[in-house]
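The two complexes that follow have chain A in common; it is paired with chain B in the first and with chain C in the second.
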Partner chain A sequence: MWWFRQVRAVFVKDWRTELRTRHALHTIALFAVSTLLTVSLALGPAGVSAETRTSTLPVILWIILLFAAAAGLPRCFVAEEEGHTAAALRLTAAPSAVFAGKCAFAVALLVGLELLLTPLFLALMGLEIADAAMLVTALVLGALGLGTASVLVAAMVAQARGRGALFPVLSFPLLIPLLLLAVELTRGAVAGSLPPGVAEQLLLYDASLIVAGLMLFPVIWNP
Partner chain B sequence: MKTLLRWSLWLWIALCIVGAFLYAPLAEGFVGQSSRILFFHVPMAWCSFVAFITAGVHAIRYLARRDPAQDRAAEAAVQLGLLFCVLATVTGAIWARVMWGAYWNWDPRQASIVIVLVFYAAYLVLRDAIEDPSTRARLASVYAVLGLVVSPFFFFVLPRIVEFTLHPDSVINQRGSVDMESRMLQVLLAATVGFTALFFWLHRLQIRISTLRMHRESEELVS
Partner chain C sequence: MILPREGNCSRTSQPARYTAAVSTSSFRFDQLTYSYGPRRVLDRVAGTTESGEMLLIEGSNGSGKSTLIRCLAGLQRPQAGSIQWIDQGRELDDVARRRGVGWVGPDLSFYEALSAAENLDFFARLRGLAEDPAVEILERLGVPPQRLVGALSSGMLQRLRWSFALQHRPGMLLLDEPFQNLDSAGEDATRALLRQHLEAGGMAIVASPIDLGLASGRRLVLDPTRSGGGA
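This part shows the complex of A and B:
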């Protein structure tokens, strides 16, 4: 119980500081929307031809989400180091609780972003969804993995030089399986059929990242 | 004793090179002399695999005991692994140009080796970005372990994206049998043993270099 109270405290604290400055919220939302508008504009009024739509558009959606996460999420630990609040956080909460709280914050932020971006994306690109439940599964599981990996890498990057540039370099190789699986699942949602086992593999990827994170985060967090 | 071992390694590898060109026959169904790349390409790919496993083992040992020597061993293994990995990629691409007509066609083997290259290059970039030696060792080891957690997913994901592979069968293929002319197999196994010994010799040299460099730096600090 004590652990869950700590997790909730970290989560609430992160939202409170976020709502005061709205730095990550604005960065992520504006980045995603302006990228989407650029892509849509560059494709022109006709968009992507009907034959290639199913295979290409899910890739664009996930690339936008990945880059938006890379633009906004590293803040969550850099701000702690720069504001010198990291030491206080180390003293007051268990490392695994910090990890879980930060993950909950990052995942909530990403799900919020998806709620904003996905309808816009579907409308602008003229993409029809055959299986809405599968799309929701892809978005939720994708956000879970993306948020967890981002928190782990952000905690490492906050202790290094060249923080902004380092985050994508470190996180993208880790996220390649997630991205490929999420794209495949989204394609399945558009087409209405899916090769078996994709959602299970994405869930397994998320679970192994979370378990590895709970074990490794204390090593990253405590100098 | 050491000199004797070193000389016999050189002699062994020289014999492998001679054997690859003069003793082993050409494989059927390959353009010209191109099948002889087998005796160099396969051992290089094997060595990079051995190197990255070695790096992972040293990283885990570092996290368990916090002995800086383990971290130096992991770094040395990654550097050599990247070298062998680049060599395997380049020789593979040249061979693909001869046999398949294109240097690159995202065959599953090509995809997986490139992802491995990007991941371990990121490992070295992470090391460069951290100045404090113990922080560097800690975070680099965590990143190496994260790579071990994520990598099994490529075995599920990649074969589904490109269903077919043109890559020749592994020495031990799915049928569990060894389909290779016995003289070719002899040279291949000898070359693999030689390259593996070469890797471990280079690994020890690299560790010695980094240890000496560290001592020199600490002496400069004292004086």
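This part shows the complex of A and C:
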């Protein structure tokens, strides 16, 4: 129970500081909305042919989500190191609880972004969804994997020099399988049909990231 | 930390009664070595302290005092040597040692967007403290609990560091320049807290480049030009 209380405390603290400073919120939301507007102005509902809509537009949605996450989430640990608060956190919290709390914050932030971005994207691109439940599954599982991987890499990057360049170099290879599966699931939601096993593979990939993160994070976090 | 609700609680001129986690303990480190790249700042350093005792670490700027304190707190891993904390016959592992110390240091910071009370409440939750002593400690040290940490003066920030260090009744206080930026009232209050901690059977290791006027039979002088300091 103590572990869960620690996770909750980190989650609540991160949201409280974020709602007051709005570093990640502003960065992620501004990046996502401006990219969405650029894409919609360039392509619009008529910019993509009916034959290629199902295959193309889910890719664009996930690329926007990926880069929005990359713009805002690395700060979750960089801020702790630069603000010199990491030492107090190391002295008081279990590393796995810090990781889980940060992941919960990142996933909640991404789900919030998806709630804002996805309806706008569907409306501006004129994309219709055949299976809404499948879209929700894709978005939730995608956010879970994207948030977890981003937090794990952010923890590594925060310890290093050249932080800005390192995050995409380290995180994107880790995220490619996740994005391919999330795109496939989103295509299935648009088309109303899906090859079997895609949601299960995405769930397994997420679970692997979480387990790997819980095992690796103490090594990264402790001196 | 347990601060009795009765008695003096009128800010810094009347420091709080403090009760450390009373136990028979010893804390010793031996052959500690630490280098930043090619520059060796700690070279086979050794020291020891026991319940109710204080070890003073002295040395000029750059002699490795802060590095030693961080190593003892478990925030940096020495490249060689051992650290041993035996509490009531049981040796504490690295995790227990990290959670059991109270650390005050110039590089200890808090969340600037949160108030002093919110910061201490957060760390109380992480430490699993059943009661939340945060506001009481802050009031006794004269820190405005609702003021954002980003708006605290350097002296108030130092008092907040003390509150953080004492919050969980640590058996060992690791104090790196503990009275810096404090006014006379703040220094009196924190000196009283340190004295009460020792009287209650706690241990302390205090590092400073200047003589703090603390009475202790144990003294370790770090000299960057000499290796193998010991106390």
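In the analysis below, the second predicted complex is superposed on the first by the 221 of 223 C-alpha atoms of A that agree within 3 Å, B and C clash if a C-alpha of one lies under 4 Å from a C-alpha of the other, contacts with A are read in each partner's own complex, and residues count from 1 in each chain.
Basically, a contact is a pair of C-beta atoms (placed from the backbone, for glycine too) under 8 Å apart; a residue touches a chain by one contact, two chains touch by 3 or more.
Keep in mind that what you see is a predicted model, and the values were worked out from it rather than measured.
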item: Overlay on chain A: chain C relative to chain B, clash or fit; value: fit
item: Which superposed partner A:P223 touches (first chain B, second chain C, both, neither); value: both
item: First, second, both or neither for A:G192, with chain B first and chain C second; value: neither
item: Partner chain in contact with A:T21 - chain B first, chain C second, else both or neither; value: second
item: Which superposed partner A:M156 touches (first chain B, second chain C, both, neither); value: first
item: First, second, both or neither for A:P173, with chain B first and chain C second; value: first
item: Comparison of chain B and chain C by chain A residues contacted; value: B
item: First (chain B), second (chain C), both or neither touched by A:Y205; value: first
item: Touching partner for A:P119 - first (chain B), second (chain C), both, neither; value: neither
item: Chain B versus chain C as contact partner of A:R5, first or second or both or neither; value: second
item: Least C-alpha distance (whole Å) that remains between chain C and chain B when both complexes are overlaid; value: 5
item: Touching both chain C and chain B, counted on chain A across the two superposed complexes; value: 223
item: Partner chain A, residues of chain C touching it in the complex; value: 73-77, 98-99, 101, 103, 105, 107-114, 118, 122-123, 125-128, 164
item: Residues on chain A engaged by chain C in the complex (per definition of touch); value: 2, 5-6, 8-10, 13, 16-17, 20-21, 83-85, 87-93, 97, 223
item: Residues of chain A that touch chain B when the two form their complex; value: 152, 156, 159-162, 166, 169-170, 172-174, 176-177, 180-181, 184, 195, 197, 201, 204-205, 208-209, 212, 216, 219-220, 223
item: Touch list for chain B against partner chain A, complex; value: 63, 115, 118-119, 122, 125-126, 129-131, 134-135, 138-139, 141-143, 145-147, 149-150, 153-154, 156-158, 160-161
